[in-house]
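To keep things simple, chains are lettered A, B, C, D and E as they appear, and every chain counts its residues starting from 1.
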């Protein structure tokens, strides 16, 4: 396994597709983090321009049905969709990793309980779970985070559990057990650092799933609350006006797809770097 | 015998999972703010009317009693009645299941027919050329990046402005009018399949690459087998193993989770039924629908396990 | 006379497999074995004969299904009460050490667990690294930067750092190249002379085993079929299986 | 033995192969030369990293794409392996070569029954009798049962016999066996080697065994090539090389291996670690670990020369061969 | 349901399945793209327009309204107001339920009794006033006696919830109004696939000869606006409605698509919680400030593209200008804002934090909330919007009273003094959760109920408006316009310019496929 710096050097810069993904991700991250302080205009100001105005020099992405400038709305959408998913996935990764470690290392009843719990979450139709959670908790950021967590938790548990099963059989774990290390110590000192690679890879995939879920919830009107925008809510807003104001769906849809794609590409690169697959040619 | 020994613990685990799902869906529904009384009476709901409706549907009973009644009735095949239509939920679910199944099958077929061969091709090429910028990665990354509601919205727009052969909404059963049926079902199927293409392509590509690191492939090359023969005899079968699991999960997801696409394209499937049931607080529909989806999901995954064991002889023996 | 460091009497281990523990499989059947202080007992046998299971029983990682196990004449108790008294060196050098910990941290871990203070730990680590023939600067390296032989030395250093009474070497040299194997085998012999621990040396390689062992036990199908001084294995052992093993040397 | 008049079956000359690790290039072979003749068993001995597997796989051009040919040539059975096109190469592998791998279970397709795999290796459409016959030749009892089995259901020894049967299925001229017994239990290594040797003799093919186990090959090879630092440092008939090594490395290997020592005798490990080459080695690669080294050894690359019935790559070979047989220190 | 039509339908289905061409004269079919499924079958209970629209197809009421919202004969061909408390209705000759049985006086009495029965849980019981007795004078004549004058008694009977059901069959257990529909309206239900489609066949016993003109009406349930537009474009549906004012424009380029805005008495409204002490609106001055700073014109211009009209407590569609000169509507915006700030300062809450709730299912409500948020901010309000599912919105507002204020639209029915009763929490008991009782207002409202439409009533209404404005508890915003869009090349329609609630398709019997 190589360090993050080596991954960055060897993989990210070595290949155009990944470079594209990394650059796009960087731009989106920048817009997401610093969007509110950029001189792009107020995403919430109604009647800033004409209703459903086409893209122009003044309004690069056009205006929406309440005359709001669409460009700052898209930037705000990136912020909601991206940051919200990132927070949710980060929280889930911590919980899922700990549960996966416990399941993989403790085995037996703990494993059974955690595995069943993950199965239950997994067998629950994701979007129905999303609707239920959003309805119980009320629409908004907290429930979006919960839904993303529910949907991605089993991914982390499963991956961490299977990696843990592999690592737990290795010599250094047995040596630590024989030396009398406590279960917690074995899990945190010996297992955790060794599953982090797999967690990293899963993190990027979970992030892309998280973004899909967040935007899907917002698309159904269960995500961020108006007038704030998320890419999903902009799409919902735009899809009603597709025929006369196609720029709304096109801009927010393209940005959303680009965001997910850049996360996927970077995830691929991280995976390739951590676990290079080099099959042999058939000649 | 070995198959039974292999399946029995899985069935037990599945039952526990189902129990968990049933409790979860039951409780979360009861936690929802607002009930069917609100939906039926609109703003005119009074405490008396609310109590009357609760009594009519047994909602005034303690939760444990309600849950037990529900489970007991379900064991007898009675999923309860929809509060909106007063019709048995199970009949409606069974009527809609084939619609969802057809949608899922269209999506799955498209995803498999496109994703699997492309994945194999891309994996073999990637292994041979040691280049990461191959079409498999591009198609995979793009397919996984366009959410179904984005694609669906655009498709609806495109196909309704230029009214091409496809149609949005207006489902007719395949048995009644096969052509009309396909006109309405292909678009949502296509929308659903895009993610599946990417999923299957990526999984297949990874698996092929992984299989191609195995010594038995080198052994086959060393024996002078042609690439075609190696792919046919060794790679396809070995690479199918993880793909089976992914396909099962995807199929299960299609059967239980195609809500957005069904809503967007007005496809009267199970997802739409559950979605509307949830909006209407029609408890029996959501409970029954979610449970059915979970049963289907678990069963398909179990079938995948069996298939897995059939393809990979090591699995059954490992127990 | 001192009681043996570890003594097994009629130990049987049954693995349950299948649904609800349907069928049982005896990995060990009535095994009796003892290892004295300063003594190395070699345990040879083909894969699946129960060598590793026996090793795990001796380390307290696997409770016997039936039979007695005594440690220094007493009951074994729990592993955490035996901190610093037991250790193990295992087969794969690439997995012997936690790849995420610097070697010094790996070596000092048993000391941390026995509650030795930091200053003393540093001293002891440097000393033990010297004893296994490594420069103290190795403490700062990650396992990835080491060769297989070096890693196995670090693993031995970790096993010895608390001056344990009993060490299990489970295929500790099998994956090493001939020349490195010789280094490690010599190291084991020298260190045992110095520290006086009892050792169980598990291997399917009779040549390496008889080189480090005082006594050799041969396992076949979960039973010990021959147990005698290692000198015997340079001549003609009694059991036909032992003879077959010898033929391969 | 002296050079034979006949054409060699395998002729490898001054082969240089490097591996691209992404950050640098490591040389696995640094000018290896070797000839294999008809109807002989040649053992290539060396520790991990010495380049023996690279050499063996290069003979069938089976190296991964990271491996780059930097120089030299390989001729197998009249085919120039380095420049042959895919089809010619496939024909060569198919008709003339047979490979036996280190881990037999992994070398078999886990999802296919043995019978079908053997049939694929035999080519054409062999009947069950023919398959059973072939398996029997590889000393597998109950061939019918084995044909129905999957690889994971076989023991390592049985799987290796299956792999051997597949390797000889088409009467190859050359068998290359890479550590054929390393993953097997000690008690059956000897028997598997005997089977391999017998089948080679019956078919009249040549056998190249790659191994790190000097003692094992001593009993089964005609000639032995010792590799170090990507070169063949000593090559000659087994008896001569084993009894009177001419290269200090061969000598040290023999002294380090357990098994030959008398009870109580102490093994003599080789100090230091093997080299990792990034460019052509312009000195003796073994010099840093060699007790006999002289300034010349660190300044001048030794070339192969004939000495006492073998080829040796060492400036100090005379001193080695002249010395007494290695003695072991008394232990304790 | 009667068996014959269904059989013929399945025969048709089989023929279609076999690919047999149907004779062109076989059947005239119209298709309605319905935006929402019904919420229940019981015509006397369901309180949603989505349900009412479907009931209109199947059931009839004693009276109806015309284009000017004046009462017209319905199932009753005539009615006689014997006194302010006694009414006699005469049923139409030949009116029959779709099962062929003639509608009689007992059906009327039974239906009204069912509505009044608390067990039925019908919200309409209140609207009918206090009925003392009903008697069947003969098969076709019913007399109803009220305890006291009740001006909206007749308009209440013109609302679909007062539909006449076949009581004889109901009492015999042959007809269950909770799961079936059986009425004397133009159509009868032949098939229903929930959330998907309905098949309505012409009621062969419908009282008007030659009507309905269509033999069959297919109903496709298409909640998604884009999908509904697509269906209109490809001609799969003939007519539908949109809440989005831009829908006609979006369809503008499609050949054959025509649109027709219908002004309804329905109106968009804010319900303000005056009762909860957790709400800033507990203070009347804060409510008044909110009312003053609301920019209703902006809502009309931005959300409805100027196609709606500012609404007053008495919906604009009634054509009365009773309340227009109130400060809230008449003062220039700057002055209103200044007054609002003053009120907030007086109340000691210069920047009240309040949550505006809207049902997320209706994007128009959310847009209204967004515009309101910005206009209220100018006076210092800090408004947070919560778009929640309909069920939750309903429970929190009408049962729990757990909210600050909410956006919704409500039915305006067919008479100004009927809708204005909503400002009386003793009448509109469902408002008790958040509405403050103002005794003078309640009295005035009770009084106006017995005043017939006249200049005096306008005067009374003006006073009431002032009181309503003072309380700022239930605020009318703008009128609701139904944007009807239809394929003029496929269907002949008749549409009113103005309708009472849920009466969009009042002339459905006259719809027919275009020649």
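To be clear about the criterion, a residue touches a chain if its C-beta (ideal position, glycine included) is under 8 Å from a C-beta of that chain, and two chains touch if they have at least 3 such contacts.
Just so you know, these numbers come straight off a predicted model, no measurement behind them.
Undergrad: Report the chain whose mean Cα position is at the greatest distance from that of chain C.
TA: E
Undergrad: Quick one: point me to the chain whose Cα centre is farthest from that of chain D.
TA: E
Undergrad: Take the average of all CA coordinates in chain D, do the same for chain E, and state the distance between these two points in whole angstrom.
TA: The answer is 91 Å.
Undergrad: Report the inter-chain centroid distance for chain C and chain E in whole angstrom, where each centroid is the mean of the CA atoms.
TA: 85
Undergrad: Please compute the C-alpha centroid of chain A, do the same for chain D, then give the distance between them in whole Å.
TA: The mean C-alpha positions of chain A and chain D differ by 51 Å.
Undergrad: List the centre-to-centre spacing of chain A and chain C in whole Å, with centres computed as mean CA coordinates.
TA: Result: the chain centres lie 46 Å from each other.
Undergrad: Listing for chain E: what residues touch at least two other chains?
TA: 226, 229, 361, 388-389, 392
Undergrad: Tell me, which residues of chain A touch at least two other chains?
TA: Within chain A, the residues that touch at least two other chains are 135, 138, 239, 242-243, 278, 280-281, 283.
Undergrad: Please set out, as single numbers or ranges, the residues of chain C touching at least two other chains.
TA: none
Undergrad: In the complex of these two chains, what residues of chain D are touching chain A?
TA: Answer in residue numbers: 22-23, 64-66, 86, 89-90.
Undergrad: Across the complex, what residues on chain D touch chain C?
TA: Contact set of chain D toward chain C: 47-48, 156, 185-190, 212-215, 252-253, 256-259, 261-263, 266-270, 273, 331-332.
Undergrad: Okay, in this complex, where on chain E does chain B touch?
TA: The contact residues of chain E facing chain B are 13, 16-17, 37-42, 45-48, 118-119, 121, 123, 176, 178-179, 192-197, 220-224, 226-227, 229-231, 233-234, 236, 361, 388-399, 408, 410, 429-430.
Undergrad: Name, in rising order, each residue of chain B that touches chain D in their complex.
TA: 128, 130, 214-216, 218-226, 229, 233-234, 237-238, 241, 311-314, 317
Undergrad: Can you list the residues on chain A that touch chain E in the complex?
TA: 44-47, 51-52, 65-67, 135, 138-140, 221-222, 225-227, 236-237, 239-244
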